[in-house]
Amino acid sequence: MTEARRHHDPEMKGFASDNYAGVHPEVFEALALANGGHQPPYGADVYTQRVQEVFQRHFGPEASAWPVFNGTGANVVGLRAMLAPWEAVVCAQSAHINTDEGGAPEQSAGIKLRTVPTPDGKLTPELIDREAWGFGDEHRAQPKVVSISESTELGTLYTPDEIAEIAAHCRHLGMLLHLDGSRLSNAAAALDVPLRALTTDAGVDVLSFGGTKSGLMFGEAVVVLNPAAARGMAYLRKSSMQLASKMRFVSVQFEALLAGDLWLRNARNANAMAARLAAAVRGIPGVSVTRAVEANAVFAVLPGDAADRVRKRFPFYTWDETTGEVRWMTAFDTTEADVDAFAAAVAEEMAQA
Amino acid sequence: MTEARRHHDPEMKGFASDNYAGVHPEVFEALALANGGHQPPYGADVYTQRVQEVFQRHFGPEASAWPVFNGTGANVVGLRAMLAPWEAVVCAQSAHINTDEGGAPEQSAGIKLRTVPTPDGKLTPELIDREAWGFGDEHRAQPKVVSISESTELGTLYTPDEIAEIAAHCRHLGMLLHLDGSRLSNAAAALDVPLRALTTDAGVDVLSFGGTKSGLMFGEAVVVLNPAAARGMAYLRKSSMQLASKMRFVSVQFEALLAGDLWLRNARNANAMAARLAAAVRGIPGVSVTRAVEANAVFAVLPGDAADRVRKRFPFYTWDETTGEVRWMTAFDTTEADVDAFAAAVAEEMAQA
Amino acid sequence: MTEARRHHDPEMKGFASDNYAGVHPEVFEALALANGGHQPPYGADVYTQRVQEVFQRHFGPEASAWPVFNGTGANVVGLRAMLAPWEAVVCAQSAHINTDEGGAPEQSAGIKLRTVPTPDGKLTPELIDREAWGFGDEHRAQPKVVSISESTELGTLYTPDEIAEIAAHCRHLGMLLHLDGSRLSNAAAALDVPLRALTTDAGVDVLSFGGTKSGLMFGEAVVVLNPAAARGMAYLRKSSMQLASKMRFVSVQFEALLAGDLWLRNARNANAMAARLAAAVRGIPGVSVTRAVEANAVFAVLPGDAADRVRKRFPFYTWDETTGEVRWMTAFDTTEADVDAFAAAVAEEMAQA
Amino acid sequence: MTEARRHHDPEMKGFASDNYAGVHPEVFEALALANGGHQPPYGADVYTQRVQEVFQRHFGPEASAWPVFNGTGANVVGLRAMLAPWEAVVCAQSAHINTDEGGAPEQSAGIKLRTVPTPDGKLTPELIDREAWGFGDEHRAQPKVVSISESTELGTLYTPDEIAEIAAHCRHLGMLLHLDGSRLSNAAAALDVPLRALTTDAGVDVLSFGGTKSGLMFGEAVVVLNPAAARGMAYLRKSSMQLASKMRFVSVQFEALLAGDLWLRNARNANAMAARLAAAVRGIPGVSVTRAVEANAVFAVLPGDAADRVRKRFPFYTWDETTGEVRWMTAFDTTEADVDAFAAAVAEEMAQA
């Protein structure tokens, strides 16, 4: 019997982020299946081989999946494989790679990001053109990749057509398209389209496919959709410190997520709970929802003292210190009861204001 | 019920590497304990906070543990925290950081390694002096860190005194001492000393403490023993892509390993099985054990065709293509029956020669 | 007698950039003085030692000057010395380090730039605050340095008070101030203040001091004004490939520039010629000067076909492809006759429109 | 008249290094020719265009020359253009890129060097094989380039056949050959062969061609001999901070050096003076010459106190602190009188011993 002890309340849930959640029971069950005996490490195991088919069922026969540890790793490895050292990435100023990865792209991979302010976290061909120029000029780090996030860091969505339009613009410019899909499942569920409609079919070249926020213990995958767009993946995954030793335990989680519809069930639940939350708080005087609620994020403004009182009961983040805007996120394990309790707490604390 | 399936034989075990093994049952049990409900990510969870005490019980009250994903990550983050960008590392030519990390130190962190050939994978003050010079000369990347491995990549061990002597030499030179302890537990078990005898008490400044090869699913820890020796750990772990989102699942595994004596039981078993294997194959005509068997590795030479026939039954690696030397490793889950079956296979195939 | 031949017309001058100009005769004369005999390389020569006093006369007794090859090198070395690997730079989106250095800061030094759009190339405390936040958050590359350019890439100037206000804001935030002074001489001349009024006295910590655009053959200097703000300068200059072998020939040029008032005479001439040019073209119907002419740059808009015809006679650059805005720069060697001939050409070609 | 002053004795010469020397008069004359008027910067000038033909006359019609600032820059830019980020360089442990470039390859370009100890600074196919293995293994930074120095850092020479044999071995392994030719002229002069015999004709892919040590003020050139072997040269030169603004002044120096036979005259003189020096000191009791004197370096051992007394009169470097071995180098401007005076000083101080 293990010497470790349970130190937390397994019933407590909040709205701070979808990575506060734990591991979905079906995923946990899969981890147990993969245990026991010996398997070759570093991806030579049978689980990693099998999961390729599972990814290909979603993303097409050209797709290859490269399991890695985390989202920052997935983004850095994928971008590195798309770029020569003198090339640059155009992305939204709000992109996770720019704001929340501790400078990993620049500091660990020498990648130059050219950022564009956007109203809603979404790039357009026009916005891309603000930075995608100077081709052939040695004084300008050469724009080579456009990186977009789906769903975006602001909870908004690109439609398949919008992604296809960006992909066409990239091809027109001789550039490639990268998609940070740490919440791609939420986007596909919200738009009611298959995963490939937002990626392979829309012309995305390389994808970071999110697992952790969809109910995995750990694990993301770089999915190369256009084999001509990525060089040296095996080497870069290793030298970027993202090659898992006992990779069978990453791969089997993706099998659990993607072999059936777990990815979709989890995403639908999170999205539905965000919609329920938005509806509930819209009815509370003094609380205003500030952005379109398209996936599993709700952005809102409420008085700071009320926010602080709610926060003592359920942790969540302030998104913008200057405006007091807060972000509430739902997860695969958020229940209607969780939402209702939280909305009630907001209402109570607002009533104190 | 999960859609994932078991694809492997959970009884099959080999001697290729200790990372072919899976997860120890007590560790798996701990993962389940940590699941459920919400916990703050990125190390703000209660498991990561608690595990600090567990590490401090082993490594002293000054120690701080920084869970990361894998061994390459632990080494790169730890070294980065010890080095200014113009400083260099002195290590054995056979060091894992030089030979088996795909160039991660150089390519992802700009770290210069100055390598010294050694007979047995072990540095000495004399060997260190071959590269630790040129202090103050801007033309020479400044030697700042000595990195040693315990146990070494060649299956040999440093005694506590040998490490202390190297640490004293480092201090004399104004340098710091890093220890790659991916198999530190095996060393401590073999030498029958506590973990701190080889690290804190010997004067090591920063340690990579191995979890994966000791029975964890994934996870290593950078353990800072000398707080003055490492800067920016929190930032470097993030920008080196080693900050786990759901860190509770890394930390609880370390609790399972280190709160009691699981680390020691696992290491002792692996070491004992290596000794048993060495004894068994030493008795087989035509097989010679080439290096001291001090931890859980056995190096041997046998005819190439016999080796190839054995390899079809049990996978293992050729260590040196030029001499045909092979490496056999034992793990926490290797049993006497496994060893005996393997030794019998070697004997059978040698008899065919 | 040399086998080299003159291949160009030494009378031909244009308005494309101040680095189209050659070497000022007094500088050339200085190069000859430093020639002959042997001198220690890499800055141990007597010229490099002597030029420290010359720099200190301008920038104060705490200043140390580190000659390097070019402006990109000066910026990268200076910034590297101010930053830990996990720290970031806040700069204007139009900053040379962001737009025209081929990604050198990111690709050769792993430096993250956080860019802020500005109307006129100038930062303010308010604009800095848009990116200078998140202190202590490991997910955000830590803002540590503000970098401004004087004069700016858009030909505008900071007053001493404006720089002092930014420096105070930096100190308030725990940040440092870097100044890209490739055209600092032009700024000081235009504002009629000594060099130190815009740097040392205003609270700048580290300066890139421009030589090439002021009439040197090659050579810039990183000038460390606050010794506590820069670490490892000697090592970083070497490992950033900016350590000149025969450094006496860089240093003696700075002696020629700064021991007397050559820097001021050159800058005043360039500024005066820009003013003369602006005045002349403002009188040409259809040509409009688009930005304040505060140093040695004139930005203007004129019809594209007229611009193209003028360009055949005198090369210059289009600054903004979308608006057709062009940039005309004057240099230390621009004469009134050069300006008048150019303005006449513009007038002629406009008359053809 | 310049404000700069002569601060040194233009008659004083020593034997510390060939970069203690100044600028050859013919080169200085060439600099004057290139001055005056305006020329496009960054290599678009007429001198840089013309000098291509001059290089092609020496290195063949496929050669392209990329002037840079210094030797470290030439090596880093050339190697970077040959390598993907996951690839490595095999070189002698004594190679300048490993020992004397302050870690620039690793720290500024992420390049992994795999070093091989050698008796005389020279690699052979057998020595290369010690590190050139593991192709296709993601755990091993992929060996892609072999880098040799001609003449070597130990004053030894490769014959054309030896270089051709290494080049053939590289091709056999799928690798490329880089040559650090900071003293290539000395080698060609010593072997009495054209420059291309040691480079283009021998199968070298990319060359660092030395100018500074051959009598230039500053300037080296990356010469791409095999266009298929180098990618992104223009971009990498810029982002490696090696793109000279007023490049005409680098290029015209190479024209002076290479359009006629100045390179050969300079090299022959330096070599002859080294031979003269070796002969002279060989006759002094207690002094022993320790290595073959094949180019312009003399390595010797003499008692430390005598060495110190000589050093007070003529500066030179100790090469190996442990053995007391010293290095004496001759330059383009070393005269017979200089050699004789130095040898006399050695004899005098040895007589004091």
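Letters A, B, C and D mark the chains in the order given here, with residues in each chain numbered from 1 onward.
Just so we're on the same page, contacts are C-beta pairs under 8 Å (C-beta built on N, C-alpha and C of every residue); 3 or more make two chains touch, one makes a residue touch a chain.
This one's a predicted model, so the numbers in the text were calculated from it and none came from an experiment.
Rounded to a multiple of 5, the C-alpha superposition of subunit C onto subunit D involves a rotation of 180 degrees.
Farthest from subunit B, judged by the mean position of CA atoms in each chain, is C. Remark: among chain pairs A-B and A-C, A-B carries the greater number of C-beta contacts. Between subunit A and subunit B the centroid-to-centroid distance comes to 32 Å (mean Cα coordinates, whole Å). The distance from the centre of subunit A to the centre of subunit C, each centre being the mean of the chain's C-alpha atoms, comes to 42 Å.
Taken residue by residue, subunit A touches two or more other chains at 85-86, 101-103, 107-108, 110, 138-139, 141, 235, 238-239, 243, whereas all remaining positions touch fewer.
Of all residues in subunit B, those touching subunit A in their complex are 1-14, 16-17, 19-23, 26-41, 45-47, 50, 69-73, 76, 101-104, 107-109, 212-213, 217-218, 235, 238-246, 248-249, 252-253, 255-256, 259-260, 262, 315, 331. Contact residues on subunit A toward subunit D in their complex (touch as defined above): 42, 80, 84-86, 110, 138-139, 141-142, 231-232, 234-239, 243. Within the complex, the subunit A residues that touch subunit C are 85-86, 88, 99-103, 106-108, 110-113, 115, 117, 133, 138-141, 321.
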